[in-house]
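Take a look at the following structure, please.
Read from first to last, the chains carry the letters A, B, C and D; within each, the first residue is number 1.
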């Protein structure tokens, strides 16, 4: 579902991606950078005090907050940057919402000596100003996008336009498991390192698999990254969407119940849209979860009942962040707080051993926590 | 061969003025015209058409109201509905065909619908007389172009230009922005395409000054003029006046 | 050099510390928390683009910026919190300057269920407001200290006073290798994990030791932590102090040249002081390097010529931060930037392979980088 | 036994008024008096004495100027120089002894000098007639107290109180702040100390109301009054007036 100008670049990308996957030198380089630059494997932290508080027997946190730049986004950004360099591209285009993917792309590009341009909505630029500064320090040009709500969707629009204009020299590093093929597959592939590590770690630390695995889901890169490696296991998999501040269209970003199949940004998936097929506005306290479409692979797994999709409201997420801070001394990103918020629900449903994906650190959300929690 | 393929955004400056505008275009000898369906996320459009779509949506130019406005018009060029896929999918093929029957729309140009993605939907539209116009961009090599033209075939000489042409994207990027494209590579591409197909070609993206339009015509192709026209109409310039400056 | 009220608590602490070191269950618990909660071992990152830019053959960065809470401070804070719990203490007192030690102590206390009070100068609270918010989110009480320059020295004064008042129930987690015995020894012991890891990693990655090792030094916890494990090796060891904005007393925090032996906060060491024996004011763009005394162990090693002490100015540190951002995609703390700033000097002196301690991440210093670098 | 051991901060309210203040104290029958040397980092002092030290430093009360001001005074109680170690170290033992010779200072109370840390420095001062007063806190158990009293011995009954006494810290914490300490445990400690030593004891930290002072005296010890006095003097209250309210 991409304009013709991008079809050949997408086909080229798919081929390069397939070849890279089969190339042990690419795999070795990626593995080395993930280990020595990103800080993988990230720890799996047992959270006994929070588990006790919420009525769980065991709770394990997969700590993507400890990666370089502070969120899981770097796994994909770095891998795609390596792929781009391999393809002979000298420029990188990226979009960003909360700024974590933008910062990750900027860092990866500085590391590899690639020129980077990040498109970011003006509203997001204002509320995530520290991430704008981080990108600029890394030598990245941040281009303000004025259109629409001034958030992630418009940034993707503009990044796609920029890529169409420079697809001969530039690679587009999409940050979530969405967009035209092969992006959803590629991003998912580069993020499953999360779940693969977590699965081995929980087996080592607990001696058994948990009875449930839970992660938040915006586009789905974090959700798929953690959950896909557990698809073959007899346990329950949950993805948590942003419930925002109400059930009406425009008040949330819960695509499973609220959306219907549609096409946006080159892929067909569950989409929040009005009756005219225009993309709907969304609302969430978390800038990383307010994308109007669920990534197509995650949507398919949800419709196939392989993954259960729940939602957590703004208020629930804020409350959950406080639990983790006070019980374990870990400040979660607002995105991750949405997954934390569902833990009491899991306990109520009889789950006792939960593995939770902590997708990023909450430093970027400090001002929100301060104002909303009255710190 | 058409001298010019104009593009206008439905609902900008207003839906009310659309019938008059189309009648005027026909009176001025315009055989075919692209009409844009305003979309929330026009990823292939530059700032001018983004702004025009945004204005049109604000003024209530929903897909259904656009089609309703076109219903029953006889004084109009053949229309090519320039659109993104999602609004069409939400209407559905059957209902869409029924709606289009009443309008001067003869074909569709769906920016984000590669020929492989919705074969059933596309086949039903084609069978109903609404072919989807193939797009050929600078990244489309000749082999790929051949395939695209085959899979979205020329319905034949007895069909109007609006249903037969292929759209040659003059340069990388989006509609409207940037200076005039370097036409030398466009000339080569047009010649190559003409060597593999005798289909009429339209050339668009970035064309605006009379000289560029003339050069495209000299290649034996129809120049598309979009952003410049949309901007002029929004500024209150009459269609006739605008065309006069471009066609000399 | 402590008031009599603290002598018995200090003796008790020393005994508990010695016993814990000999207790394999304490060692195992500490090791497990460092691995699963803090994220140790931290990576050793080769920085080839920065090395090339500065004329070095190889540059390795020891990535304490990737620890939980973002700086090396957590190694010590967590270890001392475990020790305090073992001693039956239920309350923790800590001081903080830039806020990194305060955040680390707050996180460790939340993790272990200890009540935490952090003393912080009012000036530091204003300029490090995000760290104040982080501590409060972790449930820690942050007490503003109004006295004097309103920075670290006054915070230590107040923390010592608070400890004297509550030494029966509370343990004082000092954050740097200073203060009365056994603090300097204890903090150094808990921080040498940095250098021990780094030494093994560089041997593994490079196949040989570097010809020089360099780290910044405020009190000395980071400097000693990295350098001490290399004391037996035939290589050059450097510690970098804050050169501030000028050579006069009050314009810098370079204790080796600028200080003379004196007593502050319970230890005798190189101290910046006026002719009356009053502690001098200091200046540095880096809140973590502006302490007026060099930790006593580091001072001794410097005077013994085991470690060479250099200084970097505010401007040099800012410039160096930019190098690392743009060449490697890593945003260093202002403290670490002081060590980076000396790399050209090392290259000029003929060193080719450098191991550098990246003590923390620069997120806390973003506003300084923004205003000073015009981002 | 002294009825009261007052503490004043040298240089607060001013150095100039210090000789008059000391003469007044002597005239009022005060035998010994602690005089604080203002320090930049008074880690054992509460807010009142911190502020007094800060004011005094601002007004130029450096260690040397304080000692100069005391030089040659004859109308003064015996003085105990209450100080932190660093200023003394910077002056050096020999020079310090030479300076003190000219003053009414009879002993030193060095808050942050445990007896083990500077044995040579301390021995030279003691040999010159400037003993360092031992501090005994609530965390000092009786065994430790015995050792401390032995290592900073009583110079004997022919020496004045100022050189003989040991300072009993009444409670955990710093000077001045908090309400009156619970005196029951203090009574027990004083009794225990009296059972192992016949040295005069002074009790300080947190004492201010007349009743608490009287209770300390009833234990056979000398109450120290510091923060309350410093605050009163800074507020312009006369020494005589203040002592009157405290001694009845």
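Some notes on this structure:
The rule we apply is simple: contacts are C-beta pairs under 8 Å (C-beta built on N, C-alpha and C of every residue); 3 or more make two chains touch, one makes a residue touch a chain.
Not measured: the values here are computed from a predicted model.
Number of steps on the shortest path from chain B to chain C, with steps defined by chain touch: 2.
Distances between chain centres, each the mean of the C-alpha atoms, put D farthest from chain B.
With centres taken as mean Cα positions, chain B sits 37 Å from chain A. Chain B and chain D have Cα centroids lying 96 Å from one another. Centroids of chain A and chain D (each the mean of its C-alpha atoms) stand 65 Å apart. For the pair chain A and chain C, the distance between mean C-alpha positions equals 33 Å. Arrangement of the chains shown, judged by which pairs touch: a linear chain-to-chain path with two open ends.
Interface residues of chain A facing chain B in the complex, by the touch rule stated above, are 1-9, 147-148, 153, 157, 160-161, 164-168, 261-266, 268, 271, 273, 275-279.
Residue ranges of chain A in contact with chain C, taken from their complex: 35-39, 42-46, 49, 63, 65-68, 70, 106-111, 113, 130, 133-134, 136-139, 205, 321-322, 325-331, 363, 366, 369-370, 373, 375. Taken in their complex, chain B has these residues touching chain A: 39-46, 50, 54, 57, 62-64, 84-91, 111-114, 117, 135-141, 144, 148, 169, 172-174, 178.
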